[in-house]
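For reference, chains read A, B, C and D in written order, and residue numbers begin at 1 within each chain.
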Amino acid sequence: MIIEKTIIQSNNQIAENIWKMQFESPQIAEEYAGAGQFVNILPNDDWNHPLRRPMSIASVEDSTLSIIYKIFGDVTEALSKKKVGDAIELLGPIGNVFTKWDSNVFPILIGGGVGLAPILNLKDQCHVADIDYATIIGAKNSNEQFIDHDPENKIYLTTDDGSIGETGTVMVPLDKIITKIDNPHIYACGPEPMLKAIHDFALKNEIPTQLSVESYMGCGIGLCQGCVINKNNKAPKEHSYHEKYSLVCLDGPIYEAEDIYFA
Amino acid sequence: MIIEKTIIQSNNQIAENIWKMQFESPQIAEEYAGAGQFVNILPNDDWNHPLRRPMSIASVEDSTLSIIYKIFGDVTEALSKKKVGDAIELLGPIGNVFTKWDSNVFPILIGGGVGLAPILNLKDQCHVADIDYATIIGAKNSNEQFIDHDPENKIYLTTDDGSIGETGTVMVPLDKIITKIDNPHIYACGPEPMLKAIHDFALKNEIPTQLSVESYMGCGIGLCQGCVINKNNKAPKEHSYHEKYSLVCLDGPIYEAEDIYFA
Amino acid sequence: MKRKISILPKNSIEIGQVSFNNPIWVASGTFGYGTEAPELVDVEKLGAIVTKSITLHPREGNPPPRIVETSSGMINSIGLANIGVDKYIDEMLPIYKNVSTKIIMNVAGTDLMEYVEIIEKIESVSSDLVGFEINISCPNVKKGGMEFGVDNSMTAELTSELRKRTDRLLIMKLSPNVSDIVSIGMGAQDAGADAVSAINTVVGMSIDSNSGKSNIYTTYGGLSGPAIKPIGLAAVHKLYQKLSIPIIGIGGIVSSNDVMEYILAGASAVQIGTANYRDPGTGEGIIDELNQTVENSKWDSVKDMVGKAKLLS
Amino acid sequence: MKRKISILPKNSIEIGQVSFNNPIWVASGTFGYGTEAPELVDVEKLGAIVTKSITLHPREGNPPPRIVETSSGMINSIGLANIGVDKYIDEMLPIYKNVSTKIIMNVAGTDLMEYVEIIEKIESVSSDLVGFEINISCPNVKKGGMEFGVDNSMTAELTSELRKRTDRLLIMKLSPNVSDIVSIGMGAQDAGADAVSAINTVVGMSIDSNSGKSNIYTTYGGLSGPAIKPIGLAAVHKLYQKLSIPIIGIGGIVSSNDVMEYILAGASAVQIGTANYRDPGTGEGIIDELNQTVENSKWDSVKDMVGKAKLLS
């Protein structure tokens, strides 16, 4: 893990409210271990927003690292105003990576909303490793999409309003394709309701599933104990530590579905 | 008084840490009453710095208003990073103006540090009105100067280190020229120690003197009662209001020397 | 048109017997006597104006420096500079007759008798004031009533003495600089206050690290602005759990989202303070925004939202 | 080279019998057990590390969400998640033997006996701990010692019971959520504390105005960060006027200027908290800056500056 002052190489809007930013970040790129890891961004010196913002790594090529982000509030808005050549401080790479995707399994990659970044990253990795996989991408409507619905290539888009791809949530295509696949492994990242639906589906159907979860982070490096998620530990002892909760920044952000639950 | 969203027309460094900014500000220009008035600037939406920053008007030409500012802290630093075309919100014009400069008197204009703006403004006004005047400008060193030492044209520069013009404070040339002038009137703006020296000089020598003072401002419009300066009222009653203190934003920023004192 | 939206009965609220067009008020000491800003603002849109603290005698206030900015806040030590109650009666009350905005007079005193005398003076003349807000919590006057603000029995005593002397709204303004704000609020309620407002400023200090000088003449001053919003929200929420009278939320409000937070926490109305210095039209803007926000929400009106924060535990 | 500057005796300070290379410490709960950040920081430069609150038994802490950002601050309700004193003894104390940085153990309990038991357990083994900081002020644990923090006689009783059991530094950490922090500091001093530290977090709340949900599981949490710096400074300055033992300043420190303010207000040392989350190297950076600042100032050393704020009144 390194704090690196990087230089912005590009910063472009790719869909409604969704931007892609590339950094010249040789040190973090060097330590980077794979899809799932994230960086903790400090967009400015402004103490009005004391905390860094975690962002999944969407790709690493040589010394160039990219993120895909959605404008939510002040900090992501400020991020969108940054210019090529501006300096920006990243802390990373942080967290664990998606595992067990290899030619013995059939990965189903599911991304929703801003949860696309690590999924697209894993998609690239599968592609490079020549592993056959399917991709399901969910969005509210077509404006938030920047990938084509392409069922022939097993890329399924869904929108809440049906404005593009299939109507409904990612569960619609998932339900359809799951039965046709041998040894499916699900890899998912997205908003909590989506993860919860996939989580329940995975447990019910006993499909090995890795979820990349989000939580509010104070530090990203294990100092604050703020970023916990509920562990699926049926019987924590009365006086226990880290049996009920797990630190997403140190132990995550990727969990086997059976290890966690959503309140 | 108006809150006007203006557009930055230029923003250039003119000396070490000193910048000049021009705004397209038709409404405030329309209401503008003369040298001495100021605007209260809101450089950004950042609540880390809740308060506006007061800046003297350095010139108004048609709908273009200018300020001259020194980088002191966060907000003036942010100001210096603004680009031509950026929008910026001004509240103004605020405050009273220098008076009694006409062909019956000989104005001595004295500016120090960031107190230059209103003095240069008054200088322009005297020039346009074809009134003979002298100018004394003080600075720490030559790097902070952007005006030429030109005794023939009665422009006297002083620097603490003598790196340009005369060595010492503005009091050096003031002392020299004052005796040669008929009916001198002093107009001064600058740091408190300078104003205090001029204040004492003026009272001792009974020279009509107007000082443009600074004070920490909460609002600039009479709401907060924060911006007071000490009134030179020898006998305020026990229960009085505004006999001991004056609001710089409503009653100033320009005071006759005998009306105020510096603690 | 705009004006019309703002007086939709939807966002009207009642405190005691008085109904207000909307819950957006401006806070004492941050909007002068209500007569300073009209050039820049449509004050008639505001739910109410709380005028600056008035004392029995005129006061010059504290020597400068009186204010300094801090991270997302400011410290002030104005020292209750004001024209005094007699001038308030002579000069302000007549003006208020021509203003349709509801005016609440904020009152400060150094001891019980001063508060009483002020109220009696006001009640002895005719006026359109809808009520009093009693400042028992100004941190930067030596004897600025601070004794009342930290003690619940003294707060109760003051409240009941004033209650006897007025039928107008009686709002006790609480200090956050206490171990237990709820017990003081209870004291006010039990003694007959119509409402409490919370919070006044938080005791703070600032030093110029270069010169080593205090940035405030009186050393300590009152911290306000967005920095203290979490403190104000906690105070309002705690009060709401125990009190049955309305609570008026104050502290760090700059947007309609902030107002929503306060209302969800339990405020029936809110006051905007420091934000007025940056833009005296903040309240006006928020009123329009709030109407829109409520329109788009699942709530029928602001009143429905009061105290409806969903707790997780 | 840099290392050398930081240990110039110039900026060394003494608290009780212990001398520290410099007055820049890191605050409890914001630097873990001191073992998490070394990859990113040269922890040996720090004046001291105060480790996170340790309780008698391990604690899971509170359910999520535990933190939320606010204007220039954050609210946390971690709920004292920690490994418990036994594991601290088994796993941490041996590590600390190999660290040259001074380690201060922060201790929290739900009642007097718990505090006592923890101290006794630590004192029964050999360790390099230089002292204890006693958390009597954590606002987000139901029985997290908050009873002590608001009451000066209970603070005194706790202090004297612990004093009997240890010769190491005993630092009582004070809460800002009280009417009179000085009386509680006096209680600690009179009962034998070597120093007090101030402040812990300020009670705060935050609501998501869209969903109406509390942003913190336990509803209330502790506000920290630059927003509270003025509150911490006022507390330190007030304590300095009355106490004769050293005061350790905490609250919103992010720069060497902030440190100067605290020292001028009366702090002999300071702790950096929230700023570590943004950059765990904050303290390290400040040490270098502070050396430079003192070098350029009229002061001979940090010690000379303590409490030297120039008041205007």
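In this section, a contact is a pair of C-beta atoms (placed from the backbone, for glycine too) under 8 Å apart; a residue touches a chain by one contact, two chains touch by 3 or more.
If you're wondering where the values come from, they're calculated on a predicted model, not measured in any experiment.
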Chains adjacent to subunit B and to subunit D under the stated definition are A, C
By mean C-alpha position, what chain is farthest away from subunit A? B
Contact pairs, highest-scoring chain pair: C-D
Please report how many Å separate the Cα centroid of subunit B from that of subunit C, as a whole number. 36
Whole-Å gap between the CA centroids of subunit A and subunit B: 55
What are the residues of subunit B that contact at least two other chains? 47-48
Multi-chain contact residues (two or more partners), subunit C: 63, 65, 71-73, 225-226
In the complex, subunit D residues that touch subunit C: 63, 65, 70-73, 75, 150, 177-180, 202-207, 209, 211-214, 216-220, 223, 225-231, 233-234, 237-238, 252, 257-258, 260-261, 264-265, 305, 308-313
Tell me, which parts of subunit A touch subunit D in their complex? 1-3, 42, 47-52, 91, 215-219, 221-230, 236, 238-245, 263
With touch defined as at the start, can you tell me which subunit D residues reach subunit A in the complex? 29-32, 36-37, 39-40, 52, 57-61, 63-69, 71-74, 76, 78, 81-84, 87, 225-226, 254, 274-281
Given the complex with subunit B, which residues does subunit A contribute to the contact? 46-48
